[in-house]
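Which chain is which? They are A, B, C, D, E and F, in the order written, and residues in each are numbered from 1.
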């Protein structure tokens, strides 16, 4: 039995399907899930942070934009290996938490059960609901297309971060490199553009690529991602896969299934390993 | 020269008038304003926290709902007394920060200047823009109308917190006690209801009363505050003051001028004196 | 309505009446009560610490020795005044917690209810059970009988700390000053000896005096407090009050009712305002 | 010279042989040893925590129950390799500390010396005293016999954790799997049961196995481990090794030599890397 | 017995008379004195910080420039009142620490004793050595002569902070207001200039005034304080008091007795209440 | 693409070439560089600390003594590998910062540019200025020549730490082992002496060896390193390389080019990952 040093970053996009649930989901995340998580993985996770989703900009829904938060981990080992399988205690993940996130239907007839983490993380997609996105990537970005050297003094960033799942990986990647990348590199609104391929061998994530672009704000994003792409021809791989790429316009892919992402600012809402002090309430 | 022990809580409602400004305002708040503030008042402030505004619910605009955050301080002394007047260094408050918050017009022709804190805090209202709200109240709530004893185990709360400025204080307070309070105490959606009068002698705040009610969520708020009040008659003090109380329906008062508030969850986004670690960025 | 600056220290002695309850009581204290407490009083408490009870030494039971922890607060205001009465949320104090502490009978027929803090703190004594001890004293010790100047380099201390309730205050205090103090000042085992009178006007505490003595260890305590006092004559005030002072030997007073205390080391188990990070579990 | 990534957890059971020493040992642990340790291993230890021993339950002495604390580390490298041998400074481990822990005789004639860490850690056993227990195990548990998925909401746990040293490893392990495990899995009082084999190649620890079981409390432990095992036949390997397994009843093994353990609650007394603030004293 | 709310700032200038002592004094300050101090005054001190002395600039010796650190406290109460007199434990202040600071002669024949804090703080001056400077001033500066509104973005500051003791207070203050203040206000090198009178009723400090001026660096300080004052006439109060004002040039006062100060940067070396983690060593 | 676990310590010696720059350099280090650095490397750095340079002792300039601080990192991976190359944001390193450190000429005609970290770290030496020293060594010391077992109780240490670059590595190392080591091992002033070879394959550092010796203070250092070496013959390798070893006396090597070091105390000025709270200013 061997423990391999395998530093990785992972990204989770948490949705909130109804405003009625936002404060409840927040309570579960901070009061229940953070202490469960720190208790479990403190010895082998070096960063564990929450980043709040910015409000979805106009037409953002078409891009699979989720509305609660991005959860980020930096791991030293792959937690999914057999030697990491046994845990002293289980995490508390009632099914209603997945309902709030849109991974199971938003109905009151759900059974009241506690999921284990693996069940929770494999929910969605197969059941007709959008997939739970848990994407592992290398610790640092792999590709740097534009804007290297930009510093915090160059101004706050409006970050668009998302994962892509191609109907046909080879064709999708080719189009990404030949069309997508040059287009956004050429847009004056794009200040920074990086990307990495997603590991498939960690949790079986079906997405292929993680992308991040920085804009001055949502108006610049709209100019580049919506207005500027109006005349971008639908690629053949998309025409060939109408179920996974049903949109006539960019991004073509099926929203919330083949493209999922979030709009973020530069700053973590909570760097949990260093800032968490328990769930305290306003007086 | 004497320093009086005068423990107070204060509430500031920060607006964000355009999504293009949200991440910039966040950057100013966390990268610029928090360290300026801690450096300045750490010796006499015992709590300094930020609470994120929840998204404005339907018709929430009519209630003067602001969209960025509530800033809370607990003071041991009144910072506005003469013996507290001299400060070693100034706070950085560029005028554009007030523009982002809606205290000055959202135009590019604003001069580029740094305001001192007092100028910033007295902005708005007089210039036709909504007033900066900086309300000091007693350390604990004064009035407890409903729900005493509710604990964190009773569930996460959707908190509606707001300040009221009556055109006629006596008439307004009478109506508050005889109509407003009984109505909301009687609504099943209201789980908790507390209130305090606002001190006028600290920063000259013109609002009279701070109110907080807790609901299960925005749908319950809507039922109680919008639907349930449809037939509430417009009170005479409101009829008599069409400029300060122009709305035909509850809350009658001029939104963002005579009623200003926010929807909040139970949890601070950042308890700055204990959790702040500097402005760190996502990698 | 005025808030008076009134710095005070308070002492609570928490008992654990059966080992079956120790880990449950610990869970309630750290997982439930600490976050409730910090949320409530962070703006006006400057220190909030737990000190673990050392094991009861031989014959320690006769001295009202409690077995869980001493809870210490430093307050800036008297929380019991009318202006401090309204709290946004209630603390979670299920009746079974008082059962574990011995404030209500150790029977399974107790109703399942949540007490508010005041009800909890006034439990015991009147119901035949030992009183809840919540003693407020001046911020610093009032009387310094022996050992001033002892530093941490003089060695770890075995601290005996307790409260006394005289059947007759005047007679008791006279005896304390004329007999008790000279006796312990004269014992070579006593390294340090300090005391304060307890405020009666804060929570109505019926105890009169808080005492603390430092020894090298329990064997030295036994020599001084048990063996050395064998021939100490029973004072007249004790003879006159057989119910409150039923013991033939020192300390004469009724254990756990008229004398309550604890054996402590120098170090806090948790300085909650600075060290608490939420309830985390062993993996 | 190579540094191998080898994540491990280690367990130390610290005894306190006389109450006269408890506060002194605590002082050494927190005032002396924690800063020495953090200074030394902060770059390659990811968790360093102390867990207080619960009081020994009835008959607990027969199970090698130690009385001070369990010390837990999570290492990234094996500190015992040659490339980790040189340390800038030595740790302070006066011989009397081992006396307080029962690793050397409790006599006043001990020489006054400072041990280095390795000498301290190899003390006991060979000198007729109980061995110092420093057991390295894989980061996560290897075997999960019962209770997977139990969460913190299922209630506070009374944890029985211990190491076993078989006189004959093969026979002992066979009996463990065929008798011990089925017996405790079948007991209704056992809520959780996990175990791992101990690495022999790190510090030469002679114990074979680390076991942990969770009960509701000491009464349930007694029912399962003492009363329920009354009729368990003495296994042949125990009959064959009367010196290492002298007890007629379960656990058969020589207490404090072949079985050593502790009763623990769920919570760390101090998570030193995140909570330590220096040695501060009660006022 | 009453505890008065009396917020104050205090300033201590710690000297280091020989480089042979700098690391020893640092060790005493951080390993010994900080934990003693926090243990003692945490309930009533709201800020406790150390600021490193910058190297003494050319001719700085003539200005009573001390060479170790400035120690700053913010108190809520006057620690010197009778009700604050009794302390549970003493602080460790060996006489050699005063030797390192220049409060007692730098000779090896000093007795080895532990001083209590009051003895230490009243050392010097009377014994022919420079006085221990422990100056209490109002929480905020009283006088703001120049540079109000300067922010951290205006650049790092070279701060000259010092206390003055006039031979004749009335004459000295008059000269300060009529000559000193106008001169430095008029110097272009002075970016900021504030001052306060020192309380005499706290610890009996004999200095009259605390002054702070900010420069771009030591070269600007030299231009203003040394070169620019060459022709400043010796004031009559100085001529009249040759022992306390023996210098022919500005600052006229007896260095290290009637003027004592330090050159500081903007930043605390350690904000002890929030940053102290015990005395940890380099590996 | 693979991430190798390669724990290393690295040492940077930061100089300050003029007192006019010390507070500016401090501001850049703490206000600008620490948050940039933590944001960048928190996931794979386990310790990041600053140690203040003690004042340069007499003749210390001949030993390449730098005057600002030593910056220490403990890395889990080699940051210079291709898979670590892409960074989300750039660090802010204006050229003037290198000027303050003496890596570029101290002239006002420098262009105003932001360097990336690699450019900054490869500055100096080649341009005639002293080299930037960034030396990676094994996590623990390799050689332990004297003083093993010394503890913090043996007294505060005056640490002399430096790197050596031999003109001829083989000859230099031979002399180091045969002359240098025996000499300093034999000096009574040397309390501790350790060393490691520097990795050349990380950042291309040209220095060969890191050395650290501990003295009681600068006077003991002077006795051993200056006075005691007066008669040490200039070694042949030094005679043969007059440009790199121009000094007639020990250390022979070219100061600030072939020998660079610092005098340090035991304590970090800031352990940034655990103590940094943002850039806060004195009031």
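As a working rule, contacts are C-beta pairs under 8 Å (C-beta built on N, C-alpha and C of every residue); 3 or more make two chains touch, one makes a residue touch a chain.
Keep in mind the model is a prediction, meaning the values are calculated, not measured.
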| item | value |
| --- | --- |
| Matching chain pair for B-C (criterion: over half of the contact pairs shared, by residue number), options C-D, D-E or C-E | C-E |
| Comparison of B-F and A-B (more C-beta pairs in contact) | A-B |
| Chain centre separation in whole Å, for chain F relative to chain A (CA means) | 42 |
| Centre-to-centre distance between chain F and chain E (centres being mean Cα positions), rounded to whole Å | 33 |
| Residue numbers of chain B (touch at least two other chains) | 5, 9, 35, 42-43, 76, 87-89, 140, 152, 277, 279-283 |
| Set of all touching chain pairs, with the criterion as stated earlier | A-B, A-C, A-D, A-F, B-C, B-E, B-F, C-D, C-E, D-E, D-F, E-F |
| Chain A contact footprint on chain C (complex, rising order) | 34-35, 38-40, 42-43, 87-89, 276-283 |
| Touching residues on chain C, where the partner in the complex is chain E | 5-7, 9, 46-47, 74, 76, 138-144, 148-153, 192, 194, 212 |
| Chain F residues within the chain A interface of the complex | 1, 3-5, 35-36, 42-44, 76-77, 83-92, 114, 116 |
| Parts of chain D lying in touch with chain C, wherever the complex brings them together | 9, 19-24, 26-27, 30-31, 49, 51-52, 54-55, 57, 72, 140, 152, 155-159, 216-219, 264-269, 271, 274-275, 277, 279-283 |
